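In what comes next, subunit A is part of two complexes: it sits with subunit B in the first one and with subunit C in the second one.
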Partner chain A sequence: MSTTTTRDLASPAPAKATSAKPRRGLRGNRTFNFWLFIGPFLLGLMIFVYVPIGWSIYLSFFEARFTVTPSKFVGFDNYTYMLTNPDFVGSLGTFTVFAAFIVPTTWALSLGLALLVNRLRFMRAFFRSVFFLPTACSYVAAALIWKMSIFSGVRFGLMNTIIGWFGVDNIAWLSNPSPPWYWFVIVTARLWLQSGFYMILFLAALQNIPGELYEAAAIDGAKPGWQTFRYITLPQLRATSTAVILLLLIAAYQAFDEFFNLLSKTTWGRPPLVELYYTALGENQDYGAGSAGAVILTLLIIIVTLFQGKLMGFGRSEEAK
Partner chain B sequence: MSAMSNSNWSRRSIFRAAAGMAAAGTLAACGGNNGRGGSGGSGKNLTQMFHAYGEAGTEQAIKRYAKAYSKANVATQWITSSDYESKLFATLLTKNAPDMFEFHPQIQMVKSGQVADLSDIIDPVKADFNPADIASHTVDGKIYGVRMIDDPQFFFYRPSLLEKAGVKVPETLDELIEAAAKLTTGKVKGLYIGNDLHAVINPMIWSAGADTLNAQNQIAYHTPGVIEGIKKMRKLFTSGHLLLDAPTDYWDPSALNQGLCAIQFCGMWAMPQFQKALGDDIGIFPFPKTIDSGKQSVYNGGWSMFVNAKGANVDAAKEYVKWLWIDQKKDQEDWATSYGFHIPPRASIAAGATKLKSGLPAEGVKLFNEFGHFDNIGWTQAMITALEDVFANSVRKGGDPEASLDKADTAVNRELKKLFG
Partner chain C sequence: MTTTAPQLSKKRRTRRGGVLGNTGLYVATGVATFLFLVPFYLLVRNALSTDAEITGEHWKFFPTNLQWSNVSDLFDDTSVDFARSMWNSLVVAVSMTVGILLVCSLAGYALARIPYKHSNKIFYLVLGTLMVPTAVTFVPSFVLVSSLGWVDTYRGLIVPGLFSGFTCFLFRQYFLGFPKELEEAARVDGLGYWGAYWKVVVPNSLNFFAAIATITFISGWNAFLWPLVIGQDPGAWTVQVALSSYMTNQTVVFHTIFMATAISILPLVFVFLFLQRWLVQGIAQTGIKG
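On to the complex of A and B.
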């Protein structure tokens, strides 16, 4: 059961500084070693992350239809177009609401799971793996399972079978947007896919809370259960919670796969990225407007993240310990 | 002293940084030139792109035809994703674009120079082709694609179920809605027209006495009849008698074959599978009249072969298309009748296609001739999407049809202006 020991992510064992032996040649050379280890990653980062980002910003100022090497400079036209495009602005609005809902829900569910698993006396590794496994599942595969077997509209779909036992008629979960059952499908898929991963983060943090705190609290008369949770566990998880909420927020705005696969050919429930996909890569192939939208979305994520960090004290995590 | 050691350090580090950057630059250059280009060869290698046909044996057939060709190696890309057109459009912009591909005639591909003029290979046999198919591929007297198959689309129904429910074959949209209600039982839904209903958009418009575009390439779908049709479709959609979220789409015969519905919108291609599963208990009828003054309609869809005009092997690709889709009549007949049923666009092949001469297939051919509407080359993907949005907003969502048609008008007019000025 070596897997049960979890290392503190926030403060790993300090790396032993190599003793500065006066040695000739490249092997002992720190600068060389620095580039040796950083170089490949830096190179990958440059080619696959920074260059595309830069290119995208460049494209957003040009009329780039059917090409990624445009020549016609249009200034902020693409930005005006995207910001006055009701579909794109609408999707930003929808997904702000979506984020406001999915972030706390996923946070609460993964924290709940972590608390439950942490309490287990036996089979802890088993349950931890069971809840973590969905993280390894591809979003596309999950979307297909959700669409074809669980939320299929026919009478033998899993959910329709279950509600059939209670005498409820079949529901067209995805085709029919009123009532908007598709949100239920998407939220369940997303929770299933994501909770496990954040559960692991919480579990690691829970195991790092010193037992003495609970003992001291017990001596001072704190009742186990809610009181201990509210005044010891939750404050101790502050750093992890902040990080989890941050990641969840970014993930909510970057939602793509399950929406694209579950809601093809709709005009509703389109996240910003799906909207941008249709703008930039659909029949219009408008890379300029698409890039402008991507930049707007990035700025929005940055602003929300900074605001949230300010609110919850990201970067001040050490104090919470 | 500290200053001295500092400058010493920085001189070295500058050198190293420079060397590092030079190395990075070299590698980056390698990354940029990642072997996509190598298509400038002898023209002996060709690629062709097909959407995945649902019938067993189709992929093998296409590869078998290609293998028999001696003048070039023809590789086949068989695209299984549901949005073949986006995949095709995206690929055509890259250097990985196929030399030949199948698609429907759409004028923006001609205007942007993506498809090659095939008049010289078609002209000698032009008289043999269905004139409507020639017309739908012609722009300014030049023919841009070779029709491989014509696929009429209509409703398939099970006469036994209609008889049991006391329903006659519907001739108007109102009758269809009523039939769907009567045919719906605990386990079987009355009607299936696909999960997104998009397959019946054009038939609904034609059956309302309207059209997508008129002869002058102006909007012709925005009529009171179409608005009435959209309202009726909304009524049908919300009735609870429509099969929705089925595991397979309208083009797959499973919904009717597995007893999920009593009537299904599908196409000629699936006829052999229907007959195999249901025997004689299968009949067909065209899309009913949307309004009383309208006329029943059938969408004569189908697939055509195009040559990528921007590819490196235009001539070799044209030669292959001529060899297979003009000269090899045996293969053309095999393709049209051995897997799914399709109507051969060439009179000489249709005349010999005995499988289509009697019974249900013959009825399908009759509907094709009597009620059929062919593709309009001026009706492009962006316009198709615009009307799909109308159906999404006003049939599946309860939006006002007039407002969503106005929105579509804006999109279609922008596209028309780009294409025709």
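On to the complex of A and C.
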């Protein structure tokens, strides 16, 4: 590749020592190289991640409507406002309901798909691709298909056509909060979009289970099927299952796209981020209250993340390095 | 593939008998496949139908004539500049992919391989951002970007997303496992950190770079919340924001809306078909093991 003469250019300082131990020659340049490699990233991280967070904390203590350079200090008023605002508190309730639906169903469906695909001997790659393909679709595109074709509230929507064949009246899937059919629409959309992703994680984990475990179980008289699944497969997937459930929770917490598009203009079914969007960027442009909301949501998710770290042993792998 | 099949299948048969027999297995797979493909079927059917066929009295399983003219209807439609939004999405997704790969890989390499006394402190700065998901901070980010005057610009769409602590963390983890011998050989050849990085480390890490690139491209193309916040002028809309606007428009023209959706998904289907290997590998590597 290169000739040895370039070494002197790269590390001119301790030129004499280089012949004995080439790596020592680089020490003088390490600091420089470290900053050369990490400088752009760190600068960006400061400006675009840390500054906004700091600014947001600052704004949350001021009355900041239509302005980002406020002058009226209001203490914790924005926090009191958000925490006593039924819409914001309600959005946390919406998240809870959503998580209660989406986390177990996605877990079960993606595990089920992985078990199916893992057992296939014929056209396995094809079926894996079919279940994985929706991962490439955007939430907006799925919301559009769900809202305007499958669960369209009018006669020509697919679901209304199908229930019509059985003589059932049209259902207003999204435009009527009672009964809350909109949950069915939202949950099926997200199931379709994300199950394939978690299926891949489960597939990778399934293939890591040592075959000897199954052989040993067979010798011990475990019946193939449910017993093997219950006492071998499921316990072996514990780490993956925990990770999947926490990833699903965090993803549900950040849900925005499908709620915003499926339920635009409605007042029900608003998860936290949608509520925050309307607070900060809606008609009032209330950046103070919006920032307070962002701080509250961030604190909540940090608690979850720390809890997750404990569960997943995130810190442990760090110490090992 | 065929050579290993008998061995594999024998092993598998002894390992897993069935709650489901083989028939049950394929019936379940068939039903799931059918359900997973229904949305794609509807998308294609609607995109190539006339409005009369979509909204007709009886369900039409497939259009009588494939309405390819729907494509020109879509691009002739002046209410939403769809071509512009596709172009914007392409610029954003490609720039984000290139930018993130460059900035985050260099930073990850520094944290993994260049000894420096404050390295740990800086690593904690990066780790700290992992606890705060970017979606939650869109309000403060918007405040910053609007004070920079970057609303409705490519800069505003792209730059704030480049400094991903998570991607940097993934690169660091990856480089920790990169064989040291290769770099030492480069040192013997007289390369410094910079030279070794570009001539030895990157060329030997293309699989990992491809995996991250594929994931980044897809999420850049599909991003909605940030482009919605930044793209206030229709000229700065990405394709997702344009699609979203169709859903709230007063007038609904079904065939162009579905053609637009189909076209917006098309690039990703290609990415998916050709790069699936890296995508699967990337998810398996980064999803948990990260």
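The definition used in the following text is that the second predicted complex is superposed on the first by the 254 of 321 C-alpha atoms of A that agree within 3 Å, B and C clash if a C-alpha of one lies under 4 Å from a C-alpha of the other, contacts with A are read in each partner's own complex, and residues count from 1 in each chain.
By our rule, contacts are C-beta pairs under 8 Å (C-beta built on N, C-alpha and C of every residue); 3 or more make two chains touch, one makes a residue touch a chain.
For clarity, every value in this text was computed on a predicted model and none was experimentally measured.
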Touching partner for A:Gln285 - first (subunit B), second (subunit C), both, neither: first
Partner chain in contact with A:Gln254 - subunit B first, subunit C second, else both or neither: second
Contacts of A:Phe151 with subunit B and subunit C, given as first, second, both or neither: first
Touched partner set for A:Gly293, first subunit B, second subunit C, both or neither: second
Touching partner for A:Trp268 - first (subunit B), second (subunit C), both, neither: first
Which superposed partner A:Leu174 touches (first subunit B, second subunit C, both, neither): first
Contacts of A:Leu201 with subunit B and subunit C, given as first, second, both or neither: second
Touch count on subunit A, higher of subunit B and subunit C: C
Contact residues of subunit A, present in both the subunit B and the subunit C interface: 31, 42, 47, 147-148, 154, 264-265, 281
Contact set on subunit A toward subunit B in their complex: 31-32, 35, 39, 42-43, 46-47, 66-67, 147-148, 151-155, 157, 169, 172-178, 264-268, 281-285
Residues on subunit B engaged by subunit A in the complex (per definition of touch): 12-13, 16, 20, 23-24, 27-28, 31, 82-83, 85-86, 89-90, 93, 112, 187, 195-196, 198, 237, 240, 243-247, 260, 380-382, 385, 388-389, 392-393, 396-398
Residues on subunit A engaged by subunit C in the complex (per definition of touch): 1-8, 10-11, 22-23, 26, 29-31, 33-34, 36-38, 40-42, 44-45, 47-53, 55-56, 59, 68-69, 113, 116-117, 119-122, 127, 129-150, 154, 156, 158, 161, 192, 197, 200-201, 204, 211, 214-215, 218, 223-226, 228-229, 239-240, 243, 247, 250, 253-254, 256-257, 260-261, 264-265, 273, 276-277, 280-281, 287, 290-291, 293-294, 297-298, 301-302, 305-306, 321
Contact set on subunit C toward subunit A in their complex: 5, 8-9, 11-12, 14-19, 25-26, 28-29, 32-33, 36-40, 42-43, 46, 54-56, 59, 103-104, 106-107, 109-111, 114-116, 119, 122, 125-126, 129-133, 135-144, 146-147, 159-160, 162-163, 165, 168, 176, 184, 186-195, 197, 199, 218, 221-222, 224-225, 228-229, 240, 243-244, 246-248, 252, 254, 257-258, 261, 264-265, 268-269, 271-272, 276, 280, 283-284, 287-288
